[in-house]
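These are the structures in question, set out in turn.
Two complexes are shown next, each including chain A; its partner changes from chain B in the first to chain C in the second.
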Partner chain A sequence: MKFFQKLSQIDRRWIYLLVALAVIVPLMARMGLPDAPGKYSLQLFDAVDRIPPRSQPVLISADYSPSMMPELHPMFMAMARHCLARKVRLMVMTLDPTGAGLAENGLRQITDEINARAGSAADSAVYGRDYVFLGYKPGTAIVMMSIGENIRQAYPADAYGTPLDSLPMMRDVRNYADIPLVNCIAGSAVLNYWIVYAGARYRARVGGGSTAVSSADYYPFLQSGQMVGLLNGMKGASDYEFLNQQRGYSSAPRVAGKGMDAVSIVHLLIMGFIVLGNVGYFVTKKSAQQKAGEE
Partner chain B sequence: MKRQLPLMIVLVLGIAFTVQFFIPSRASEVTYQTALQWWLVMSSFAMVLALGSLVNHHVLKIKRRKEHWAFSWVTLAGLLVMGALGIMGGPSVGLRWANAAYNQLFLFVQAPMDSAMFAILAFYMASASYRAFRARSKEATVLLIAGFVVMLGIIPFGAMLWRRIPDISEWIMMVPNMASKRGILLGIGLGSTATALKIILGIERSWLGGSGK
Partner chain C sequence: MFSHDIWVWIAAVLTLAIFSFLYKENPFYRFAEYLFVGMSAGYGLARVWNNALVPNFINPFWAALTAERGATGPLLADPRFWLIVPALLGLLYICRFIPSLSHLILVPIAIGLGLGSGMGLAAIIQTDIIKQMQSAIGDASNVAAGGWPLVWGIVSLVGVLTTLSYFFFSREHKGALKYSANIGIWFLMVGFGASFGNTVMGRVSLLIGRVQFLLTDWIHVIR
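Right, the complex of A and B next:
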């Protein structure tokens, strides 16, 4: 009985230590757990994959802060890699002030990789021709509505002060009608706003990625067709990285793939703790009831 | 007048832009586009307000030597350094060293600190699930089983245990979860509409400050 009582009273420091080990060990040594991309990750990947190269640009709004970086930044990287590897033009913006630094550095990393491998100017990722960085703009819903009227209202110039009309790929882009897909990567309710304002009001095709904890909020929009696909937390990011590698668009190390190993082990650990806690709870409850009956 | 003027502006603009949505004319479109530009400018002022509020709060804290007042110096110093580097490194001034310093501070100080704060959640969640996630009632048992299956469905071990687990996990998300989410969304929609109407008609006045009376 003492054993079961102890089982339901494990010191929290042991729990913390086990969680730390469950995170650190899989990150140090890749476990290579099998990948099975989810339905909605695949739908989003296919939506980007169907956009013709060197045509109208995809918009990615990197609406996340560093606190959500481990889950959401790999999504941004995988999606941007996919677009630029296929020569699908890319516009990147953010509605989170701290998202600008993350997105800009991510873009720089990807374009450096592509340009280091490129054999000719046509294979390179050229700023203004293949991608633009619009930067941060305050106003959330107002910015989305402004893009629906004319993107120049929200962004007269890019993040570096260059007027949009001076950038070759932006000359024919006016509003959502010229953007085949809007992707929002967010850990907050901003994705909801994109669905409501860009999707419902301006008929834009909206996809995106969210943290695992908030992804349940978007299932109604997936079923109604108001979202073309969804990346669900670390699993969604890992799915996208896997699909990129499977279709030959990227050979970059899979950051979320590695993270998914750690997430899997931590999930198992948490499930183990729940079982232990419940076993201890029921055994001690039963013994307390027996004691009460004897008295 | 101090209260009546904002109420009047909200009433007139609220009704005007509700009507505007249903008028597909050129004049209506131009009005809407002009208003959007105004709103963009106005929303930027929210940043100025937030900045003023932050500085005011921390300066007062330092002046009155409130608990942990020394940390307010760190906040103000961070604000000043990042703000100054951001402006000097931005497109209008364009100092490359300032831009590089801003990026280094952001990537190697702010980002890890922010991520570390959020990562601590994993420890609390593990500890809380062990202590609080108990099958104390029928409802709690249903929640426990559903949570278990969804967690297993997300990780590769679920399919390794039984190949139908990811399907069951998806069914839970697409049927019971969605039924409740739809109910919540409809409630939020109706509530937002009712609140918007109350604000436009001046019934709800708490946004003016004070007790709302």
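Right, the complex of A and C next:
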């Protein structure tokens, strides 16, 4: 009884300290908790995995900013690694002005890794043949609808000013009918826009990744088949990194995977806090009622 | 052991300054907060200027004004010239700060709302209502699927109907409607619980991102 009373008056800074320890210790100790990719992560991975190499390109829209990097940037890296390792052509664009730099740096890092390992020109990742970077375009819904008519309306040229028709892989790409999968990685409602405008209006197959905070909003679309798959926050990113390594597409260090031990331990800690808080609430309430009855 | 990169040091010190708020309010936190707000606003302005205004308005509009008219026809026939219309409509937002003209802000707002509704209405009804209804009814009546998919389909449909009944305020919640609304509350609680769990994961992920930065890029304790 006294224990719960004391617990209800505890300085919140002790809780912060416990959360900090629950993050730092697993990160340093590398507990190696087992990975179990979620259903919707697997669906998205398989959707990319089924696209034939050197055929029509996948579109990734990197619609996130630096504030969402820990969750969303590893998704982008894992997805782009998967595509380029399988020689699935890749178009990268962004509807977030700060996403352009992140996506461009990520692409450069991945293509540098691939080209450093490549034994021949066929194995390397060549700009214009295997991937293009379209850059940032303002207008969200209007950009999505323009791509549905003709991608050249939204992007007459890539991010470096090269006309799309000059890029070999873009010559046969006209609209969503030529794009087997649209992946949006976003921490805002932009993914919803892709489902509405690209998915419903132009029948594009839409998948993507979102921050954990907004993921719950997209489960109805997964259930109704309006999305092919979803990466949910850091867990989704970790799933994709795990699948990439398991299927031999990447040996790069798992950035999100490293954080998952800490996520699991912090979740356990918070669940413990919730149970303790509720037990304490009911115990102190009962004792207060008993006291009132005695008086 | 520590990074030799001055920018990593600046980022690490500012991260610690922000975290110091967890102990108590202090001048280091205030400094980092104001710096962040100021830099975000400045960076955002520069990005929008360079990535949106210059390539989409200033460059084409200037090109239209300075083009040799013999080859491209009269100025008024040049579509790039007419970019001035959306630019002026955008400028009307600034009227908000001029009391005598503040009503003009309604013009771009009305155009934006009309454009958004016109573009999205049909697609949103299709995406958020018709497809969702099809899915809810389809999953609950797909006897061929059998087993758990059918059970979950029925649970899902019951959840949809009872939750909707909770938001039905045209009749007093008595009798069957009361029971239905109470069941709906349970489904809502499960939904809120799932959202809360995801929110915790999201916030913890952001903390992990900063701690990983401190331990990996700054102190080099983990690789």
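Just so it is clear, the second predicted complex is superposed on the first by the 295 of 295 C-alpha atoms of A that agree within 3 Å, B and C clash if a C-alpha of one lies under 4 Å from a C-alpha of the other, contacts with A are read in each partner's own complex, and residues count from 1 in each chain.
Heads up, the rule we're going with is that a contact is a pair of C-beta atoms (placed from the backbone, for glycine too) under 8 Å apart; a residue touches a chain by one contact, two chains touch by 3 or more.
Values in this document were obtained by computation on a predicted structure and should not be read as measured data.
Novice: Just to be sure I read the superposition right, which of the two partners does A:277 touch: chain B = first, chain C = second, or both, or neither?
Specialist: The answer is first: A:277 touches chain B but not chain C.
Novice: Determine, under the contact definition given at the top, whether A:28 touches first (chain B), second (chain C), both, or neither.
Specialist: second
Novice: After the superposition on A, what does A:200 contact: first (chain B), second (chain C), both or neither?
Specialist: second
Novice: Given the touch rule stated above, what does A:136 touch, chain B (first), chain C (second), both, or neither?
Specialist: Touch partner of A:136: chain C, not chain B.
Novice: What's your read, chain B or chain C touching more residues of chain A?
Specialist: Counted on chain A, the partner with more touching residues turns out to be B.
Novice: If we overlay the two complexes on their shared chain A, which of chain B and chain C does A:58 touch? Say first, second, both or neither.
Specialist: Neither partner.
Novice: Examine A:191 and indicate which partner it touches, taking first as chain B and second as chain C; both and neither are also allowed.
Specialist: neither
Novice: With the two structures laid over each other on chain A, which partner does A:212 touch: chain B (first), chain C (second), both, or neither?
Specialist: After superposition on chain A, A:212 lies in contact with both partners, chain B and chain C.
Novice: Answer with first, second, both or neither: which of chain B and chain C does A:226 touch in the superposed model?
Specialist: In the superposition, A:226 contacts chain C only.
Novice: Just checking: does A:105 make contact with chain B only, chain C only, both, or neither of them? Give me first, second, both or neither.
Specialist: After superposing on A, A:105 lies in contact with chain B but is clear of chain C.
Novice: Which positions of chain A sit in both the chain B and the chain C interface?
Specialist: Touching chain B in the first complex and chain C in the second, residues 16, 19-20, 23, 67, 69-70, 98, 138, 142, 145, 212, 216, 220, 223, 232-233, 235, 263, 266-267, 270 of chain A appear in both lists.
Novice: Could you please specify the touching residues of chain A with respect to chain C in the complex?
Specialist: For this pair, the touching residues of chain A are 13, 16, 19-20, 23-24, 27-28, 30, 67, 69-71, 97-98, 100, 136, 138, 141-142, 145, 195-197, 199-201, 211-213, 215-216, 220-221, 223-226, 232-235, 255, 258-259, 262-263, 266-267, 270.
Novice: Looking at the complex, which residues from chain C come into contact with chain A?
Specialist: It is residues 22-23, 43-44, 47-48, 51-52, 56, 116, 119-120, 123-124, 126-128, 131-132, 134-135, 139, 156, 191, 194-195, 197-212, 215, 221-222 of chain C that touch chain A.
Novice: Can you tell me which positions in chain A touch chain B when the two form their complex?
Specialist: Where chain A meets chain B, its residues are 10, 12, 15-16, 18-20, 23, 33-36, 38-39, 65-70, 98, 101-102, 105, 137-140, 142-143, 145-146, 149-150, 153-154, 157, 159-161, 212, 216-217, 219-220, 223, 232-233, 235, 260, 263-264, 266-271, 273-274, 276-278, 281-282.
Novice: Help me check something: in the complex, which residues belonging to chain B touch chain A?
Specialist: Interface residues on the chain B side: 29, 32-33, 36-37, 39-40, 43-44, 46-47, 91-92, 103, 106-107, 110-115, 117-119, 122-123, 125-127, 129-131, 133-136, 144, 148, 151-152, 154-157, 159-160, 166, 170, 173-174, 177-178, 181-182, 185.
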